[in-house]
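Both complexes below contain chain A, partnered by chain B and then by chain C.
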Partner chain A sequence: MPRSPIRALRALADTGHASRYSSLTSAILVLPLLAILAIGFIYPVTELVGLSLSNGGASYLRLGRDPLYLGVLATTMATAASVAVSCVLLAYPVAYAMTRLRGGAALLAAACVFIPLWTSVLIRSYAWIVLLQRNGIVNELLRTTGLIDHPLKLLYTQGAVILGMAHILLPFAILPIYATLRTLPADLVRAAANLGAGPLRGFLLVTLPLSLPGVFAGSVLCFVLALGFYITPALLGGPGSMLMATLIGQQTVVLLDWPLAAALSTILLTVTLLTVFVFRKAISLSKGFQSVH
Partner chain B sequence: MGTRSTDIKLQVILSCIQTLGIIALLFFLILPTLIIIPMSISTTAYLQFPPQGLTLDWYRAFFNDPDWMSATWFSLKIAFATCFAATTVGTMTALALVRGDIPFKGFLHALSLAPMIVPHIVLGVALYLVFAPLDLTGSLTGFLIGHTVLAVPFVVITVTAALQRVDPALELASLNCGANRLQTFLHVTLPNIAPGIFSGAVFAFLASFDEATVAFFISDVDGKTISRKMFEDIDFNLTPVIAAASTVTVVASLALIGIAQLLSTDKETRTQRSECP
Partner chain C sequence: MIGQSLSLRGIRKAYDATYAVHETDLDIGAGEFVSIVGPSGSGKTTLLTMIAGFERPTTGSVVVGNVDITRLAPNRRDIGMVFQKYALFPHMTVRKNLEFPLRMRKRPRREDLGKRVDAMLDMVQLSAFAHRYPHQLSGGQQQRVAVGRALVFNPPVLLMDEPLGALDKKLREAMQLEVKRLQQQLGATVVYVTHDQEEALTLSDRVAVMHKGQLEQIGSPLELYTEPQSAFVADFVGTINFIPGVVVGYECGAATIRIASGAIIETATTGTQPLPVGTMVSIAVRPQHIGVCPPGASGVTGTLENLVFSGASRTAHVRLTDMEGLTLRIQVPNELAGLPELGGMLAVALPSDKLKLFHAENGRRL
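Entry: the complex of A and B
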């Protein structure tokens, strides 16, 4: 049977052998990555973990004895969880709307999602200071509408930290939810409508359950990224809203207690890696990573 | 009849509420980026609505302050060096991951993306710990190492995606026609993945320029980045110069992203068109 040369080539390509680089070439290609990660990532982190174990792990004993440190770890987890939940709740309607918008409105919505993603975390945290400070816009607005008499203390609170972090991480929840919603066949909802389901019933029984993988991926991603946030809690938080990252910052910059900071860092790293490992399927699913910034 | 018209009315009200809700959410997303613009041209030191008067003084202050300028140039230098290093390393890694013959592919892929997940504060503290005795804090070399680690994942992601779209049969055809591996890579593979490499390079540049946490820890008095300078000024005195610096940064970043987007979509439509018979 005569076969076209293109098809023959494609069949050969599909076996995967002919178009691949040899083991030697491949090894040379990954060498720079391994070198830079060894110098700038694995070695420094190993040193840090090593430092935390110096003095026979005395730093960990100190951390275990003082309930303050355990409290900070609990606050960090609770904050990350609140951020993840707020992100998903706010992201779902945006992602859902993005799948239905067309033309200019779709472009505008995409700009509103992507422009913040490309604005530095520092600048967005600064903007929240401007908005939330005593004589800031939010307080002024509340006062001119007569809702409050005296300016509220909005900045340097736990609420400000959660608001700022949720705002920064919102695109990371929108993108995976949008990705799953977009792949749902429109026929499914139409079929549901055909069988007598109203728009709400169709959404609750068909669209929502099928988009849950995206929701889950988005919430895990937000939770993991929120665990290690430093800039936003350092600028928007107060003394009452200490998180693991700000505590590490305080130990290194102000108190210069390096063994303790190393132990705290190791704990934060372990919690993060464990979360990533347990939910690795969900994280690899989250298309949000493709445009992470 | 009556219930039907109230039903329709209810639906109209509901869809109005939905639309308003979406507009409010989108406004919430974009507000902090937009707010820095009126802030940077307002005459008052804190933001007022309506603004009392317009001025470019804060921009003048930013461009005339030697501290801000040296921080900006230092950040640009680091970002260019990082962009070059991360793009080279990331592209090589993606080639090995997609087209290579290596063991532990899954592990290597995860490892190349790991710096994205690891808390930046941990990396910042760890880098300070090893850089300080070597006198690498505040140096271009120190920042290049730290920022390349953080920027490589962006390049690996974009180039891997671009490579997966290239039909291996094209490369095979080139080899079949007598080109060697290098010629095939330069004349067939590279032109096809160029948009991916380019957007990876832009992301790597911005990842370095906007990076604040690691920069906070490995900066020193003589070598600080614009983000470290900004952090200090926000913590110390909230002048609108920060807003001017932010606006300049954001406008430059968006212009860069816009150019990258334009170039890559242009390239994509051209290849699509040429594929049509």
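Entry: the complex of A and C
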């Protein structure tokens, strides 16, 4: 059934709470955003996909034949997954502690989470170079304490990339987990205790499962953002740990193979969308969460 | 074991310099239904959280049966609790919610666990809803799950924190009967916190009235109504009128009070201490104990301001003469004839044996 654009817009705008706006008002309110999306996202992506197919799909064939490219894709996915897992594991205790803090301590914790978020990624990546380089702070510290004799190779490794990215993306995991934990009624934890669950069992059986939506949201956010990281891997990674973004940049700027770069971008975009879709499905399938969120 | 006694001995709770609960003693017998009532901020919920173990009392002890549980963690207390908003686990079915306390205790065995849960589901009439999630149930059904979950492990004491507050009036009345039925059937000891005095009077064997962190009085609903020990309790339970006055004469068991209009009222007193002349007091009288007569030469008089029909009787609002606008609510039988028109004068009869005297400042019964 063909639908008029206005009706489609209305359906988009109708979230129940907004129903007091007329369809015309809703359309006017949504229009600027749609215009920006059309110019800044839909048009370039269409162009990009077109470009990747401009030589009759030869670029995709080349990608499929050459294990180098698939290898980079695999490394990118693995790196992003490691980053997402590290972020969630590090973020959960922080988010949990933040829900327990009051007054000045809560403010301080929030500042510690937010201030890095407002600092340039470039600066934070360079900071890691200072820390990890051959004569950097970490190596110096290990040497003076006598734990090692020769400086370790910390910089330009896969580990350095994961460390740097996890550090930069940590707030994106903390915030959704914190938001979920904070809306969790305190009475549920009390009820668990009242019914005989000790602190650990209460956490594992009640708090943790009910905070999973936040954990999912945080990990997807970190994973998706990590897939497209450019500066940090370029600065902290070695030649062996090239990621998709770096590869695409190389193809575009150095080798000028735009169809191949477009094909790589399209694959990255598809993988990203697929991940988001699968995670959303996973969340909606986990029973009982509807009542919480 | 379900249905044991509960004692609070010299229990106090202080936050920094202020007391949420002043020193309180409370003894609740096995199988008794006791309500704690009071306005919000009176300390009734703090009292409950101290029994449940979510807060430690500053001093004093909590004893269940013969066991002092003051220092036990909440999960080791074995006390059932129905929370204000039920606090059902949203990610578990009704059955899983009911199984939760049994699984935490590793008793009974697996096969008995199913039977116990089935029996409780049957008792709260939710057998057909065992596989639903809490959000798929109505408010009343959720409430029944909460009660079932709190009772399934046979707790010695069951605490209920305004459990019916979220329900509409009709459902609330039905659930009151349900709660009472379950309590009697199981012989459970129940401590029921509510700000609804009517609910407390309906359900309880005894009612404890809290005010400003203090236990004002505990007694059967009838005792609280007929023999309130403070002005606050008199006002909180049922309807009552207060008339301020000053003591002008005292002899054992009786006091003479002058009110602002100059009228003299004779009252009975209960205290053993003599009442000094000049003590500021408050005379309390229930609407059904005041008589109305045609205006005479002396006594207390007033103007009929309003007459409200309320079914079995009528309520007359009488503004007293020269009493700074003080209005009495007087219950008038429907068949009583000869009332003046609105705005007309009448005399008010205050029978001395029905009057209760309270200290104007501290509210104590005199």
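One rule holds in what follows: the second predicted complex is superposed on the first by the 235 of 293 C-alpha atoms of A that agree within 3 Å, B and C clash if a C-alpha of one lies under 4 Å from a C-alpha of the other, contacts with A are read in each partner's own complex, and residues count from 1 in each chain.
One rule holds for everything that comes next: contacts are C-beta pairs under 8 Å (C-beta built on N, C-alpha and C of every residue); 3 or more make two chains touch, one makes a residue touch a chain.
Predicted model, so just to flag it, every value in this text is computed and none were measured.
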Problem set entry | First (chain B), second (chain C), both or neither touched by A:Gly146 | neither
Exercise. Between chain B (first) and chain C (second), which, if any, makes contact with A:Gly56: first, second, both or neither?
Worked result: neither
Exercise. First (chain B), second (chain C), both or neither: which does A:Leu170 touch?
Worked result: first
Exercise. Of the two partner chains, chain B (first) and chain C (second), which one does A:Gly103 touch, if any: first, second, both, or neither?
Worked result: neither
For this session: Could you say whether A:Leu48 touches chain B, chain C, both of them, or neither, answering first, second, both or neither?
Result: first
Exercise. Regarding the shared-chain residue A:Pro67, is it in contact with chain B (first), chain C (second), both, or neither?
Worked result: neither
Exercise. Can A:Leu235 be said to touch chain B (first), chain C (second), both, or neither?
Worked result: first
Exercise. For chain A, which side has the bigger count of touched residues, chain B or chain C?
Worked result: B
Exercise. Which positions of chain A sit in both the chain B and the chain C interface?
Worked result: 289-290, 292
Problem set entry | In the complex, chain B residues that touch chain A | 18, 21-22, 25-33, 35-36, 39, 46-49, 85, 88-90, 92-93, 95-97, 99-102, 108, 111-130, 145-146, 148-149, 152-154, 157-158, 161, 167-169, 171-173, 175-176, 181, 203, 206-207, 209-210, 212-213, 216-217, 227, 230-231, 234-235, 238, 242-243, 246, 249-250, 253-254, 257
Exercise. Which chain A residues qualify as touching chain C in the complex?
Worked result: 185, 187-188, 190-199, 201-202, 205-206, 209-210, 287-292
Exercise. Considering the complex alone, what residue numbers of chain C touch chain A?
Worked result: 52-54, 73-81, 83-85, 87-93, 100-101, 104-105, 133-135, 149, 153
Seminar exercise, completed: The residues of chain A that touch chain B in their complex are 6, 9-10, 12-14, 16, 18-23, 25-27, 29-30, 32-33, 36-37, 39-41, 43-45, 47-48, 51, 90, 93-94, 97, 108-109, 111-113, 115-116, 118-131, 133, 135-137, 140-141, 167, 170-171, 224, 227-228, 230-231, 235, 245, 248-249, 252, 258, 261-262, 265, 268-269, 272-273, 276, 283, 289-290, 292-293
